[in-house]
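The structures considered in this document are given below.
Here subunit A shows up in two complexes: once beside subunit B, once beside subunit C.
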Partner chain A sequence: MVAANAHPALAREPKERIKDAVGMLYDSTVCIGCKACVSACKQFNETPSSFSSTDELWDNPLDNDSKTYNIIKLYKDGTGAAKDQEKDGHAYIKRQCMHCVDPACVSACPVSALAKDPANGIVSYDKKACIGCRYCQIACPFNVPKFEFEKAFPQIRKCQLCSHRMEKGDFAACAQYCPTGATIYGKVEDLLAEAKKRLAYKPGELRKYPVERVNGGQVTERIVTPYVMHIYGEKEGGGTQVLYLSGVAFEKLGLPALEETSDAQRSETIQHTIYKGMIAPIVFLGGLVYAVHKNTKDHK
Partner chain B sequence: MKNKDIASVSKHLGVSRREFLKYCSIVAAGMGLPLGTGEQIAEAVTKAARRPPVIWLSAQECTGCSESLLRATHPTFEHLILDLISLDYHETLSTPSGHQAEAARAASIKENKGKFILVVDGAIPVKDKGIYCMIAGRTALDILQETAKDAFAIIAMGSCSSWGGVPSADPNPTGATPVQKILTDAGIKTPVVTIPGCPPNPYNFLSTVLYFVTFKKLPELDDLARPKFAYGRLIHENCERRPHFDAGRFATEFGDENHRKGYCLYKLGCKGPETHANCPSILFGDTGSGTWPVGTGHPCFGCTEKGIGFHKPLFSKASLHMVTPPDTYPHVVEHQGKSALAGIAVAAAAAGAAYAAVNNVAKKLGDDDGKGKK
Partner chain C sequence: MSEESKPIGGEFLTTPFKVLAGFTLFAGLLVLIRYVMGIGAVSNLSDGYPWGIWITYDVVAGTAIACGGYSMAILVYVLNKGEYHPLIRPALLASVFGYTLAAISIFIDIGRYWQGYNMFWPKYSNVNSVMLEVAVCIALYVMVLWIEFAPVLFEGMQKYKGNLPAFLTKWDVSGLQKIWSKFLFFFIALGILLPTMHQSSLGSLMLIAGKKLSPLWQTGFLPLLFLISAITMGYAIVIFESLFSSVGLKRPAETPILAKLSGIMPWLIGTYLVIRVLDLIVRGALGKAFAFNVQSLMFWIENALFVYPLVILMSAQNRTKARPLFLSALSILLAGLIYRFNAFLIGFDPGNGWTYFPSFSEILITFGIIAFEVMAYLYIVKKFPVLPKTEHA
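Let's turn to the complex of A and B:
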């Protein structure tokens, strides 16, 4: 494995955050689990219901799938009585595309069907380019891109941060329809500043929390509850444009503990090292040819 | 039960026998008591040798609790409250005033020591020795302590006497204190029932009194001494707008399209998810469906819950305490049953291993045979 901070000469440099990148901040302590974001996501992305029970009565997916780009999951321990408590408590977690700073799916895609917008950093999908190899599905450390196995002409489906709604001045539906401000939308640098501000609050204080957008002007007052002193997504996997705050450990919420080096950077470093100037492949090919040639002669 | 007794009570109250029994049954149903209890209540009411004496003290209050009680409209209620119990002292309703009223209170305490019900509405100011509420030249604190120790039970009527209410709102300049705390501090052990609300629903009070008259004990109480039949559930659980909450449909501001459509008021600061009361079930004012705060389009402000009404900002969002059906969530780690496929795979592997083992043994046997022949 390549050490994160000592870049070998051939290593690919880590990608920096795009200055005007947009994203979301999800604060698990503020979330009440009403799932307004899930229903808004389905409404505005026009995705059908997803069933996990045989009666097909309720739209109740168990995870992100090709029809569910956004989902609220529950962490529960013991009695589950107290919110944001690891033992005998419960907490919610919202899962959707993290819009990584250095996305593994984009790196793995052989045909650039997945691409990161150079202006706002949204990782979007182009169905015309996709060949259906599903490398992105395997590459993603968050298990986000989903393939439509059930369709004759399948596509990859995932959250694209409601980029189709932005022309009209709208933004991510999940943030726009969150009643508590648990999910807020905005520029990543503003969201990071907001997250840092919240970690500095003392539990029990009455504070103003932005609703819908980080700098949209709408706020709600809330008594601060204790945080885990970490912003998930600030550095994980090279950084993400969706950030998380929580009252319980992030691993408990199913968020993987990733190194600061992104998978894309690591794999590209290995690949670029091997193929540098095509020297290693040529030498290797030469060796193979020699071996075959020698063995062939011996058999004659 | 003798029809004669009922007939006499009916005559006395000016209601028909049928109406009287109906009222008793409704009260019994309201408390969730079993069928037939209505008759028991009717019997208790008609047979009572002496109507239970009640002394009603008022401290820092607005008389809203009394007003709410007077407006209960179940059959000729005002007759019933005046004839069911013996209201020996009530500052607003007493016919006598001044020294006469105070004398009635003193006489009732003396006569009914340990038997009367004490109702208190209003918080008790304790700051500066309680001088912020004086009645007949004495502090409310003094009067309460004197009266409480001789009472059979105390009903704290309304939010103020239950947990402080409006007068105790920050910065609480008069040191407004709930009844229970005053008693605990003074070492008085008389049991306290709280009927919080601003104003409280009169039927919760009436049901508690009737329960007491019928069974000679207090109803089952929760940890804040509220009767469980009335305060056992969250407003959120029985709210008629709950389906909108579950579907993520919220009114975003007063008068907007979603508000007019009757969507959930959570985003406007509804405290239903953290407030225990039976408002959505029994409504207010007896004027038909939808007549309670949330029904009229105003978010619940949490008057029955300690630390919510008058303490939590009006439009700040409620926190959700209980995750109740029909809310179901996928878990972070979803425990899925082992599928038939996995079972088949295991079985196939076992079968394969067994086949291989048998095959090997057979092979060895074969080899041995071969060796033997050689």
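Let's turn to the complex of A and C:
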């Protein structure tokens, strides 16, 4: 009854990228760590300040939390002097929801409170559905969904790629207010193309880098610095709509090394193999009813 | 069959009962604080460890410990071993309270409890979610357990009126008894299907945690391992309870029937361990067991507690003696308990420096729930025909 090794024919197919999916490209080599994105995120999502110091003077969270959907974190080694260098260097990393192609949170949520928009692929949260079970938090490989443990009537909080700003033609505030072009917004296919283009650049060349949007026309010039030859999020965990480029290894930046098969696919394959059309449980129940009926008569 | 069981009688407001009541009341106060001030006010749960002992003990381990009714039903009604019938009622009673309290404790843990019914609303329910399957199955099974146990209550209300408060004995339940006797077989069957489904799915819950769960526990065999260990724990709790109540409630031990029952255990544990070890070898995860960290230590404790009863109970002579029987049953319960703690908490590492150890209040709430279960058990066995008549033993 419980088939742990799923038959390939029953396996849940991997999810494809949605054609018009939107996302972001964050290039760690371009980021100067100014945190304008953190500030803009708080402003446009109306999230309160989050404090890591006892004086509570200004917003200074150490990580994403229920009040901080977006954050810039620092990697530092040794003296920390050289930017984008693993040894004796430092590098920035921006963390927010990755808007996975096949999100574990969406698969896990029993009440569809987390859902992936079929048109743009944004993973958003519906508080009217949520029961607060926090299975999304167990499921997310990036630990993105955050819960308001301090509230009597809590919600899950996370980046929704500023979907509430899109009607007015605006887009993700973190990208829109990034002064350097480290974070750019756009269609994932364009972002992927841009990322591949950058990996082909030679260090030392002067190149045009888009600012705010990948195809918005606004550009800045920059001397290319060395890249790790990998686009994080192209394949990781079945792919994500937020993509990363970096000068140091992605694990050093705290990004998990994920397999190409998503955990959602793995979980659903096993679960659907057992419960396909509820046939196995119904047949099993039939057998049980027969056996119990017969045996309870015997006992009388 | 009703001649098999009898209320054991006696005062129920004993000192232990009052101590348990105190625990329950104090836990109730803490639960009140949780509802007013939020989950964070009483627990150490965090965004890294969103599930703590309330889920791991109260629900995941608690329902496995409450599998006595399920395991005995397989034996008596599917494998047609009628001789075990006297053990059905006490097993069922422990299951009724174990599962009911697990279901109630879920409403302490979930943050947006007032929307809990969304699970059952087709507009919201997500059939891809393992959690949905677990929740729906457990909710249905709690109802099925009460239906299965109702005949005991009916019998008590008819035959042992003197024990009970007047409002309970006013009803004439003979009509209900007739209806029940016609349909009970269906609910017994359902009462075997549902735990088979959710006890395996409780293991499947952790599949989606992916790499956050150590390879020592993360495997496609989670559902099968959870199911086999839950059934084994079901038999263990029946043996444990029977021997424990024979001492605690000063009743003669039922060792002959328990000796026979425990003969099943080596087969179940053996099967479980073969799958467990082969899976670790095939996946190349066994090396992690020699990492000399907390996870590897807990892995060895977990499996040693499975191996000990396997070795002890392989000897037919040991199975006839109360002491090795009791220790083996206890060991299996601890093994299954630690396996669940390992798979949900100790083997779970969200990274980024997160740690978890339950707060004092969190532990007290769990103790309160256990105390309430024991109180309810004691009350029912004293007032209703649950435990086997002593001359049968």
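Some observations on this one:
We adopt the following convention: the second predicted complex is superposed on the first by the 269 of 300 C-alpha atoms of A that agree within 3 Å, B and C clash if a C-alpha of one lies under 4 Å from a C-alpha of the other, contacts with A are read in each partner's own complex, and residues count from 1 in each chain.
Note that in this section contacts are C-beta pairs under 8 Å (C-beta built on N, C-alpha and C of every residue); 3 or more make two chains touch, one makes a residue touch a chain.
None of these values were measured; they are calculated from a predicted model.
Once chain A of one complex is fitted onto chain A of the other, the partner contacts of A:H230 are absent, as it touches neither subunit B nor subunit C. Ranked by how many residues of subunit A each touches, subunit B and subunit C are led by C.
Of the two partner chains placed by superposition, subunit B and subunit C are both touched by A:D63.
When the shared chain is aligned, subunit B comes close enough to touch A:T220, but subunit C does not.
Of the two partner chains, neither subunit B nor subunit C is touched by A:R165.
Contact with subunit C, but none with subunit B, is seen for A:A129 once the two complexes are overlaid on the shared chain.
Applying the stated contact rule after C-alpha superposition, one finds that A:G33 touches subunit B and leaves subunit C untouched. Look at A:I72: by the touch rule set out above, it reaches subunit B but stays clear of subunit C. In the superposed model, A:G254 makes contact with both subunit B and subunit C. Subunit A uses residues 63, 254 to touch subunit B in one structure and subunit C in the other. Those residues of subunit A that touch subunit C in the complex are listed here as 1-2, 4-6, 63, 65-66, 104, 107-113, 127-135, 137-139, 141, 143, 145-155, 237, 254, 256-258, 263-264, 266-268, 270-272, 274-275, 281, 284-285, 288-289, 291-293, 295-296, 298-299. Residues of subunit B touching subunit A in their complex: 245-250, 266-267, 273, 313, 315-317, 319-321, 323, 327-334, 336. Subunit A contributes residues 32-40, 52, 58, 60-63, 71-76, 80, 83, 90, 92-93, 177, 179-180, 206, 220-222, 252-254 to its touches with subunit B in the complex. Those residues of subunit C that touch subunit A in the complex are listed here as 1, 35-41, 43, 45-48, 50-51, 76-78, 80, 82, 85, 109-113, 115-116, 118-119, 121, 124-126, 128-133, 135, 184-186, 188-190, 192-193, 196-197, 200-201, 204-212, 219-224, 227, 348, 350-352.
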